[in-house]
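Chain naming follows the written order as A, B, C and D, and within any one chain the residues start at number 1.
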Amino acid sequence: MIGYAFMGRAHSQAWRTVGAAFDVPEVARRVIVGRDEQAVAEAAQQLGWQEHATDWREVIARDDIDIVDICTPGFLHAEIAIAALEAGKHVLCEKPLANDTAEAEAMVEAAEAAKARGQVAALGFTYRRVPALALARQLVADGRLGSIRQVRASYLQDWLVDEDAPMTWRLRKETAGSGALGDIGSHAIDQIQHLTGQRTTAVRGRLATMIPQRQGEDGMEQVTVDDAAWATLELDGGAFGSVEVSRVANGAKNQLRIELFGTEGALRFELENPNELWFLDSTAPIAEQGFTRILVTEPEHPYLEAWWPQGHVLGWENAFTNQARDLLVAIRDGEAATYAPDFADGLALQRVLDAVIASDAADGATIPL
Amino acid sequence: MIGYAFMGRAHSQAWRTVGAAFDVPEVARRVIVGRDEQAVAEAAQQLGWQEHATDWREVIARDDIDIVDICTPGFLHAEIAIAALEAGKHVLCEKPLANDTAEAEAMVEAAEAAKARGQVAALGFTYRRVPALALARQLVADGRLGSIRQVRASYLQDWLVDEDAPMTWRLRKETAGSGALGDIGSHAIDQIQHLTGQRTTAVRGRLATMIPQRQGEDGMEQVTVDDAAWATLELDGGAFGSVEVSRVANGAKNQLRIELFGTEGALRFELENPNELWFLDSTAPIAEQGFTRILVTEPEHPYLEAWWPQGHVLGWENAFTNQARDLLVAIRDGEAATYAPDFADGLALQRVLDAVIASDAADGATIPL
Amino acid sequence: MIGYAFMGRAHSQAWRTVGAAFDVPEVARRVIVGRDEQAVAEAAQQLGWQEHATDWREVIARDDIDIVDICTPGFLHAEIAIAALEAGKHVLCEKPLANDTAEAEAMVEAAEAAKARGQVAALGFTYRRVPALALARQLVADGRLGSIRQVRASYLQDWLVDEDAPMTWRLRKETAGSGALGDIGSHAIDQIQHLTGQRTTAVRGRLATMIPQRQGEDGMEQVTVDDAAWATLELDGGAFGSVEVSRVANGAKNQLRIELFGTEGALRFELENPNELWFLDSTAPIAEQGFTRILVTEPEHPYLEAWWPQGHVLGWENAFTNQARDLLVAIRDGEAATYAPDFADGLALQRVLDAVIASDAADGATIPL
Amino acid sequence: MIGYAFMGRAHSQAWRTVGAAFDVPEVARRVIVGRDEQAVAEAAQQLGWQEHATDWREVIARDDIDIVDICTPGFLHAEIAIAALEAGKHVLCEKPLANDTAEAEAMVEAAEAAKARGQVAALGFTYRRVPALALARQLVADGRLGSIRQVRASYLQDWLVDEDAPMTWRLRKETAGSGALGDIGSHAIDQIQHLTGQRTTAVRGRLATMIPQRQGEDGMEQVTVDDAAWATLELDGGAFGSVEVSRVANGAKNQLRIELFGTEGALRFELENPNELWFLDSTAPIAEQGFTRILVTEPEHPYLEAWWPQGHVLGWENAFTNQARDLLVAIRDGEAATYAPDFADGLALQRVLDAVIASDAADGATIPL
């Protein structure tokens, strides 16, 4: 594993737990890699890795490493992922795939070659492994919503409400690529496409930077990414999607909300209550219709057989363990070719994000994909 | 109509509206009666009654009066209702039927004789006319819950939280009969019996007076009724019921909550969101099970065809109009014999309330009915 | 009152009730007007009007008429309203003000002249009179949200989900003006502007007609209005707004939802639970922060002193009675000059709707206002 | 650790995770003990224990064992816990403390002696470590509710709704002690006492066995424990408590609900949404009052600094890790004397449960404590 910050901690918890929860091949937490020797040594100790290292290239070259889990900031993804794939490793790369499309294209190329050799190149859109969203996907795939007409996804946070919050690398275009759009809008758009099973064909978008300057180390500095973004999507199955994301939505902590409206049903989900899926079956008798709150904790639900009894709910972190399970199973069963989401999904998504930005730059014009 | 306070206002709104909402015989708001001439004159003016009067006996004797609507405090119910029934009028009497069982028995006797003459003797358990609760009754009657095992009803309010709230007639046993138990517990128990279609066969109860003294006009005075009450009921269909009521439940404004658990389904209702009924069908596939929020505003729902389009919700007052409709239809169609709830229902309920009080007095012993 | 369909019934209920609920000048329901003599006669009888008529011009000419309440389809508003204002009457006109801007401008001109003579020219954006939304407006005006940055409003319905639902005048541009945008989007945008106290300065919009043809009386017919619409707004106080409306959102019955995010707080409202307002005070201690569910039924809340005790909730219809109260008070107190919303508000809103349509026609380009 | 079933898995997850989440002394998962050699060997492998064993006495005798974690069925608790304490080990014992009071008393005696030697004797009422409930305790202790008057706790499950579910040891008095009362009622009563900081002084109770027979291995067998139970409690601070528990509440999966009503505020919690605490401050201005949904995921909240960023919610299992943290800290800091809940708490609770049973046996009579 490369990186030991927020995502590194979450992934460590997953690797630590996956074998106890699921029937999967054993996996050893061999080496954790970071630039700061002392910090990575402490992380190895705390998070339970056998060794630590500061040079990822050396680690990738080792024979006793099978999987490389990339939890670094986005601008390092391409170099590491391509090297790891070329070294014959399976790779799990956190989203976003890369900071720009050129990098992403190179990564996909390396991944396609690796896939042909049986290596999995997985992308960390972990929310696909939230059981309620996995169930949502099943219900759509089973046709329970009929034909989907309209989808709404919003992802609202509030950590930038305070104008006095200081400048960070996340607010500079050169390090972060984009703002709320890339960071959390990517999840919203991935869910729209994943849940509907439809691809985006055209986009209109708008970006806004509501607090244009923030205090940097050397005085006020320009914020060069969006605080909030809006988009409408045309999907290839005929549905329309809308997206709204924000980092200044006061009181919204981690509020990914998704609504799907079809001809025969509808679905609602909200990440702050991740064990609930709300399902409408509009083919039921009218007097009994309404959204059903499914508490997604039954053994019949995706991933749940591995966890606790009914009603003993899961938290945010469990989706990472589910993801680790899927990756280990795909490796064991030789499913590199079909594992999703993969790098190509990441590139496709990157292109949608780019189209939103391009549309905003073109005064809202439709950008085809 | 006799009485022009809170209930008088609610009933006036019903009589004023029923003909516009429903296809019922015309009803004129002829006379409103009260003891204070000036106040009742103002009420007649404001609430839209043709005349006002101070002597209910004279009004009852009039030929142009068909229906007597009794909205006075409970201790006046018996005398007026019996006189009105004997005068050949249809009667709608607010709950509780009477302040003690002897009075209630006399009322039932008068009502049975009147019924035989085709007069309706109706009791104002208005919440049976809340569409969501009427739908709940239908679902139970249709067997959608299977056999009912357990029922919970609570009715919590908070208007006595403040220890400095002054003494009132509602807190004296001689004027009020009982406290939270009779006032709001009666609704909870009526719903338990009505929704399950089962009668109470035995009771255990407890009463508590948490603030034992309050400031009266002449110094501190003893509170002689309950602030809160609890009971468990055995029902003749084999179900168990629990009741909890309170006037000191801080933050609960008018919180009647009901839950029914059967072998094949369950129901939930809360009066602060009166347009919602939550229904579980446990015969559905497990992966899709859960409580469905039915927004009870469809034309297919009880009473709703008369009101507004879907999603245009009703308020607390509309149940009174629905009640007026049912009464007018029962009179028109000669359904005096089957109209419910009637005085006998009120007496049966009074006996359950008495049993709760008797059980508490007997240190919690079971009181059979 | 002119018109006796859905809105006519709702307004009749308001006029019937306003004097019983509020301390206002007496108002007689003198004449109801409609084109079909028999139907309007029945409506007069059922809804409680003294007379009926088929010629609105004659009625407007009568001296015993003080207020003209226009509940007709939108394309008749201009002619009637202007005539009524010129005849010296106070006017309450249902929204939308008019079907096109030219008409609306003429109406505003007539209204300005009438205002100068002390006549009220009121527009029926009734949701401003929902107590929870009136409270929301107060909280914003009192600065409890700080500076507002982001607003979201959606209004979703589902009555056109069914592809086999037939063609109606509401789906033809020439009779309806626009589709979901004008019908329900107008409410969403009015709330955004009203609650924030900010005006729209620029718009980007998108329209979609998902079911392009419907069965008419003479075969399949083209639907020429939108089934769904999206817009982003720039507001003159610096906030950004988003709007999404739909008639094909399965399971959404009458779902107007509004969220406001400010620097010091936030608000949430949903019309299917109209008695609840959710308020975040982000200046409170962090450990105790969150959205507070205010049950807007206290005497301290707007309009509530006139209604029922705490926790006895109101329904959709009560806002119309509140509106009637405000209108009668404005007339009594000579507040024609300040009554809101007035025709000018309707014209301003119409221009925002037009800008949304223009933006969509210009491939999403920003339309300044 | 002794035992490797449901609780063994949950505790293993806690020991595996505690060092990564919290700054605590290192703890090695040394030995897991069970009677079935093959099964415990597999459990050791899957759950990540260094060794396995079948004789708990041998393990307790080892010098390299510091903590004994007892996850066996209740009837084995006393023997193991007393032996472990006498061997100088710290002990964490799952609830219920014991199956009868005599055993529990012996355990408390051993624990008191051990405490004097600095050993922690901890009882696993893990829900005290749910952050939202820990916050609730803080708010009460800080006086934010004023004086508490009324408490309601219910714990409803539905795994025995099906009459055809077979007989198990949990339904026999001799192996399980009691039914829903002891299993889940113990949690409800522990929370009532813990959150209020008040002890029970008197009890009235009722038990019911709704499905009196179930299919055993040798034909139909009598169910000798309760399916549901109800109780009212008098608390030494003057509050009244009510308890309702059930295993036949259709649709309730793991529904522990708690409500506390005080003179200055109120609290609500529900275990199926364990990250939410609802708090009413009734000293706030009336127009802004209501229950605030606190999403208990801020660094300012109990235990949360160790976990994920705001809005990234925890699941049921995390409370076990919090419990492991508290135990390790208590050992490190020499807080054996004050650690809670301890065995004495378990005994006190057992006496309340016994009083409920005794009350039911005495036809509902009040049982003092």
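What we mean here is this: a residue touches a chain if its C-beta (ideal position, glycine included) is under 8 Å from a C-beta of that chain, and two chains touch if they have at least 3 such contacts.
Chain-to-protein mapping (UniProt): A, B, C, D = Gfo/Idh/MocA family oxidoreductase.
These numbers come from a predicted model, not from an experiment.
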| said: Going only through chains that touch each other, how many steps at minimum separate subunit A from subunit C? | reply: 1
| Relative to subunit C, chain with the most remote C-alpha centre | D
| field | Averaged-CA centre spacing for the pair subunit D and subunit B, given as whole angstrom | value | 41
| query | Measuring from the mean C-alpha position of subunit A to the mean C-alpha position of subunit B, what distance in angstrom results? | reply | 54
| request: Averaged over CA atoms, how far is the centre of subunit B from the centre of subunit C? Could you give it in whole Å? | output: 36
| task | Would you mind listing the residues of subunit D that make contact with two or more other chains? | result | 252, 289-291, 295
| field | subunit A partner contacts - residues on subunit C that touch it in the complex | value | 149-150, 152, 154, 156, 158, 161, 163, 204, 206, 208, 210, 228, 230, 232, 238, 240, 242, 244, 246, 248-252, 259, 261-266, 280, 282, 289-291, 359, 363-366
| subunit C-facing residues of subunit D, complex | 135, 139, 279, 281, 285-295, 298, 300-301
| For the complex, which residues does subunit C have touching subunit B? | 6, 9-10, 12-13, 16-17, 19-20, 46-48, 157, 159, 252-255, 271-275, 295, 297, 308-318
